[in-house]
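Just passing along the structure, written as structure tokens.
Every chain is named by a letter (A, B and C) in the order it is written, and numbering of its residues begins at 1.
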Amino acid sequence: MAWTWFHRFGSPPYFYRVAGTLTPWFAWPAGVLCVAGLVAGLALAPPDYQQGDGFRIIYVHAPAAWLSLMVYTVMAVSAAVGLIWRMPVAHALSAACPVIGASFTFVALVTGSLWGRPMWGTFWEWDPRLTSELLLLFLYLGYMWIRSAIEDTARADRASAVLAIVGVVNVPIIHYSVLWWNSLHQAPSVMKLGRPTMPASMLVPLLMMLLGFTLYFAALLLVRARGELLRRERSTRWVAEVIGGAGP
Amino acid sequence: MTTPSRPPHLAGHDLHLWRGDRAVFSGIGFEVAAGVCLQVTGPNGAGKTSLLRALCGLLPLERGRVQWRGAEVHADLGAFHAELAYLGHDIGLKSDLTAVENLYYEVGLRRRVDRAAATAALEQVGLGPAMHQDIRHMSAGQKRRVAFARVLLCACPLWILDEPTSNLDAAGQALIGTLLAAHLRAGGVAVVATHQALPLPAESLRSLVLG
Amino acid sequence: MSARVPVLQAGLRLMSRDLRLAMRRAGDWLQPLVFFLVVTTLFPLALNPELSRLRDVAPGALWVAGLLSSLLALELLFREDSLDGSLEQLAISGVPFAWLLWAKTVAHWLLTGLPLVLVAPLAATALGAPAAAIPGVLAALLLGSLALSQLGAIGAALTLGLRRSGVLQAVIVLPLAVPVLIFGARATALAIAGEPIAPPLYLLGALVVLGVTLAPLAAAAAVRISLE
């Protein structure tokens, strides 16, 4: 049963339709959650006893960092699916991911740098998390560049899939090695809050933002994947029907 | 070497190949039994090279099945390749090695060959004393002869040859024809993309026109 | 005719072919080594020629120079074979392709990585490392260069046939090489400071094992894709 669903989902016109229907179901809740989370985080949560109001940037930084990793994983998994089962939909999903992921990584880097500024006095320190995020940004860039360097779409899909799989295996290794390196040198690592555990009033907005960002990613991914599919399958009949207005 | 279960036989069913947006060929089917050569013809860009490379397994087919000795090729690519000798556009010879060394190292990956066997194969293709020259010093026609000697030395039942007679003079073309005929008489199978007429009896020749 | 060749022997024959070819083009294969020495020389010129001060940057300098020169050396791994068509002949030879590519990678390491390791004591001493540190430096660079070879093979395979692939190859390989750099540089620093170097060496060894088991598979997949 699950396999038939899997293969149906892999059909481009089917995916196109379903994705179009699903997008508003992700987009609206994402908007609501992000607004609510921001309000709760910026105004309602109490200030951290050590960092005062400066910690509030965590409500953007932490979800962005989390998403930057999640997007890479989704990208690698769909690339692997596309490679193994030869599914164009999976490759289209994978192609739609890196720009989103790189943007989240960039946001995480900028907000992380802003967060550290009051404590460090500089805009950059080789904090382990920030360093890992920077390396993740390079991985995204490498993935995007190898895609654009290969002209044949099918070959680009497959080559970048190998890179994504190699990358996703390496990401935990890189993260661990950066943590190890950081622990040796006692470099500043202030991406933590004053209390050992977070009270609900601090945690709830964070989870709301996290869920909001995730739904936003899902909605954006579906939109971009649909665009990718249209571009890739532009010479087929179903695309002609869609453009001609016969489809949804 | 274990006795193969069935006689040499190559078959392709409903082969489709895509390059980007367009279909290079679609719906191609053929069957070649032992002692038969499939001659693939067609205008430039019709996909002859792509078909041959797809049969070798270098290009992925969009759709279709290829069977060797009655079994699906993709089920055991290694075994299929062990019985395949391919001569493509890129000759696949190292310029810095001599002809003998090329054969010794290349064919030596799959068969026990010694330099005597390599020398004999090179003599069969009419190379003579040039066989001890580096490949870089040879003419295009001589290089092609060396590549054909590699096909001979592999002793494989299936030959896939892409324009084997290009750059060869009339004597060279006749030689290829003779060697091909001998291979078929010994029960081998061949797929050859060529514009030239092949000097083979009608019952040993099948034709496939692309484009 | 004659019998099939065992897989191990096929790999060895391919290695000996590559080694013989390299001997005929020895100049090409010396270039990464010279590059390593040139880059190493840049550090005292850019920083401070006092050995006591250089000692602090020696691990970093050695590893950055080693990383960059092994990147350059990747040019020599698959490019020739892909240009003259012998790479695709290997792919359809009936011998497991990942094994053949690994044999090529080992030959390549013997010709580029190993010379680097042997020259490293010279470079390390020139950057202020004490003589007692040399075995540790050698061990770290030996394991590190092995790991980098495997990783580099993936990068080289992915960018085969692309224009200006050198920079792209670097952008792909360098982030992936960060763990090797971290553990290797740390081991070198510990060696220079005279402290036990076992922990980072073990980690480096683990990376080598991981690379040797997984990298040939990724490289084989990537080369097959490039051959299409």
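In this section, contacts are C-beta pairs under 8 Å (C-beta built on N, C-alpha and C of every residue); 3 or more make two chains touch, one makes a residue touch a chain.
No experiment lies behind these values; they were computed from the predicted model shown.
Across all inter-chain contacts, the pair with the most C-beta pairs is B-C. Of all chains present, the one whose mean CA position sits nearest the global mean of protein CA atoms is C.
The chain with its CA mean position farthest from that of chain C is B.
Centre-to-centre spacing of chain B and chain C amounts to 36 Å, using the average Cα coordinate of each chain.
Between the CA-based centres of chain A and chain C the separation comes to 33 Å, rounded to the whole angstrom. Averaging Cα coordinates per chain places chain A and chain B 48 Å apart. Residue positions 152, 154 of chain A are each in touch with at least two other chains. Residues of chain C in contact with at least two other chains: 228.
Put simply, chain C touches chain A in their complex at residues 154, 158-159, 162-163, 165, 168, 171-172, 174-176, 178-179, 182-183, 186, 203, 207, 210, 214, 218, 221-222, 225-226, 228. On chain B, the positions that touch chain A within their shared complex are 18-22.
The part of chain A that touches chain B in the complex is made up of residues 152-154, 234-235.
Across the complex, chain A meets chain C through its residues 135, 138-139, 141-142, 145-146, 149-150, 152, 154-155, 158-159, 162-163, 165-167, 169-170, 173-174, 176-178, 180-181, 184. Residue ranges of chain C in contact with chain B, taken from their complex: 1-5, 10, 13-14, 16-17, 20-21, 24-25, 80, 83-86, 88-96, 100, 224, 227-228.
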